[in-house]
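Here's a structure for you.
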Amino acid sequence: MKSLAELSKLRDEAIKKVDIRKERVGTRIVVGMATCGIAAGARPVLTALMDEAQKRGLGDVTITQTGCIGVCRLEPLIEVYKEGEEKVTYVELTEEKARRIIAEHIVNGSIVKEFTIGAVE
Amino acid sequence: MTKNYLTEENFAKLHEVIESHKDMQGPLMPILHEAQHIFGAIPLEVQKTISEKMNVPLAEIYGVVTFYSQFTLEPKGEYLISICLGTACYVRGAQQLIDKVVEMTGVGVGKTSLDGKYSIEATRCIGACGLAPVLTVNEDVYGRLVVADIPGIIQKYNG
Amino acid sequence: MDFYRAHVLVCGGTGCVSSGSLTIEEMFNQALKERSLDKEVKVVRTGCFGLCEAGPICIVYPEGSFYSRVEQKDVERIVDEHLLKGRIVKDLLFVDKAADVTEIETSINNVTFYKKQKRVVLQNCGVINPEVIEEYIAFDGYQALGKALTQMKPEDVINEIKRSGLRGRGGGGFPTGLKWEFTRKSKGDIKYVACNADEGDPGAFMDRSVLEGDPHAVIEAMALAAYAIGAEKGYVYIRAEYPIAVKRLGIAIAQAKEMGLLGERIFDTDFNFDMEIRLGAGAFVCGEETALIASIEGERGMPRPKPPFPAEKGIFGKPTVINNVETYASVPQIILKGADWFTSFGTEKSPGTKVFALGGKINNTGLVEIPMGTSLREVIYDIGGGIPNDRQFKAVQTGGPSGGCLTVDHLDTPIDFDTLTALGSMMGSGGMIVVDDTNCMVDFARFFLDFTVDESCGKCVPCREGTKRMLEILERITSGTGTMADLDQLEELAYTIKDSSLCGLGQTAPNPVLSTLKYFKDEYLAHVVDKKCPAGMCQDLLSIVILDEGCIGCTACKRVCPVDAISGEVKQQHVIDQAICIKCGACIPKCPKKVIVKQ
């Protein structure tokens, strides 16, 4: 160990891997993973979300899953909870759509309107 | 225990240990720990070897060995039953467990049975106070015990 | 993939390992693999969560769901329901007896046991994997060492510790900063730092938990102490009875060396520091610092008179700083966050927090860390969840065999070093054993004396002979042959031993007797005068009787009695012949009317 800067760099790398255990702040993405969701292909969506979040180093984003959200015909679907914002529900997702949501909504802050439940219904 | 543990192989290991601690400051305790581990005890024969190799009087080594409860002059039995007598276990009834174990095995606390099968020990806190009262048989831990559990536990090792 | 959507934290502290947590961990890994979730969910073995009563403990993040007493059959359910489908398995969650809740709290952060605590020393225990140095670094580990080495002079480090008012957590309560300053000023080319991890108080396990759960904190603190006093070498003297702690500390030292946080020219400065583990061998007296030094040097662990203090003549005759584990674990945060942050908790004379090992007759056995000055009531009833089986709280012993007891009258006493001493007890290392109305206080004192007699090293007469005589008197009293003269002699012996013993072990050994004599004199008198044990614990003073009213003459007791001590006709009152009865108690559970009692 040569300097404080080196240590701090190491810390910033390491913190991404343990961030999940801290008190929750930031964004939460919930994936509907009941039988219907899994059958409709929720698992690749979940994997894509995680992969994208990791690539971009999004430490304050939690990705978690839940049971049936209730609109099985629109699966796979996810809900995005950003601090201080209304919940956004995205439906009929694919891997590519999931990656776009991370890039546009989570990182840049603009909701991908065309995938939301309001636009599809 | 009738098995011979003072083998040449074990003594060779001991020599290696003493050799590797040559440059250490205050090496006696670490060497004794290793010796206890290799032989399962530190009898006089082993103490003599350590004394000669380290050039430390035998009396001094004997004094240290007998001072610490982790070092023993004779090997323990095949199954070491340790009943925790830490405060948390004591107030939750560890003494009754000891009485029952002694009654069932016929071996006193701190003693080894003649056939070398059981040794009974009352140990100080093993730190599993959440499971109090606790006893261990070698590596197995039994917690939240009542006297009625003892026969079942002993049965397991009698076979 | 390094990024996991969920972490399953499995407690790997001694308490949970003893109840099988390592098998649980293995089964989680297996179950996750079978469902191809092992790339998404990570299983982490951590140090002690503190709530040992509820072990084996698993916490699932990000929700923070707190699963307690997890059994092997529960693993598949948690994986299938929670980790696959996202449904928390509510019936396996910890039930918070202390909180007045109708719904089970699903997150660990809301459990009363943790809410009332302030975790400073234990901040990383149960959060990080102690065998991975990066996890410690992620939570600001080694930042304090870096800051001290590159921005502070050794005197600045000492001043910061002095200003924090940190006092030795091993029991004495001596100001840590002063100790460091003395050692720095002592003449000598070679100096040492040592860590006293010979936690011998039966029923105390806070040091073990810190070493198991956050070993790097101790390493970092020892490096800071070494920098402050001008030492290059450290020794950790740790009980051989703590294999898990020894192993994790060994791993941590190796990792720190590999990363250049131990060794030469740390942070590219002139500071070199290396450390070594030395195992204790089962002698309580080695917790006394001069005995500890003798043991490291390879001798019988016997204390010697002070002065000279270790600060002048310590290990191998060189000036040495010796602090205990918990004291060290507070140090890095004081350096990093400042003395003012530390003094914002606790009381004026005893700043900061203290870890207690709560055990005995209490619902939430475990480790608790509270700000100094918290009342006993909060610890026992709010955090500890009260006394099990609706029994009455009788007393709590603090300071183990060196301490004394506090009673129901002291429940609102704020706990710190000075209040406990004033009440005739002491902080000690932080063992806190609760006893209820079924525990006999005379027998309790006898238990501690039995311990000290066993552990007395034999060097000085008052301790070697005096404690033995005290034990004999207590044995007489608990077996019903004690006299009033015995009580006087017991007290006289106690004061003599306190005044004339060589080391802390002997000087404090009479404390359990003195404090029980002070607060529970009536129990002693009951044993001596009435030949009764009010708690019903001392076998020799008990008789088992069938009450005059209620016996229906069913003969159930008569049939089970191994010595035919019970007589009586069918449907008539039965009687136990006290001359024959061996007090085995076999008849008690057989009575359908519950009229057979010990009294």
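Going by the order they are written in, the chains are A, B and C; count residues from 1 in each one.
Note that in this section a contact is a pair of C-beta atoms (placed from the backbone, for glycine too) under 8 Å apart; a residue touches a chain by one contact, two chains touch by 3 or more.
All of these numbers come straight from a predicted model, not from anything done at the bench.
Under the touch definition stated at the top, chain A and chain C share no contacting partner at all.
On a Cα centroid basis, the chain most remote from chain B in this structure is A. Note: centroid distance chain A to chain C, computed from Cα atoms, is 42 Å. Computed from the mean C-alpha positions, the centre of chain A lies at a distance of 55 Å from the centre of chain B. If you average the Cα atoms of chain B and of chain C, the two centres end up 23 Å apart. On chain C, the positions that touch chain B within their shared complex are 14-15, 18-19, 51-55, 200-205, 208, 240-242, 278-284, 295-302, 315-316, 357, 359-361, 365-366, 397, 400, 431, 433-435, 439, 444, 447-448, 451, 457. Within the complex, the chain B residues that touch chain C are 25-30, 32-33, 60, 63-64, 67-71, 85-88, 90-92, 123-132, 134, 141, 143.
Those residues of chain A whose C-beta lies close enough to touch chain C in the complex are 1-4, 7-8, 10-11, 13-18, 20-21, 23-24, 28, 30-31, 33-34, 46-47, 50-51, 53-54, 62-67. Interface of chain C with chain A (complex): residues 1-7, 9, 40, 61-63, 84-87, 109, 127-128, 134-135, 137-143, 146-147, 150, 259-261, 266-268.
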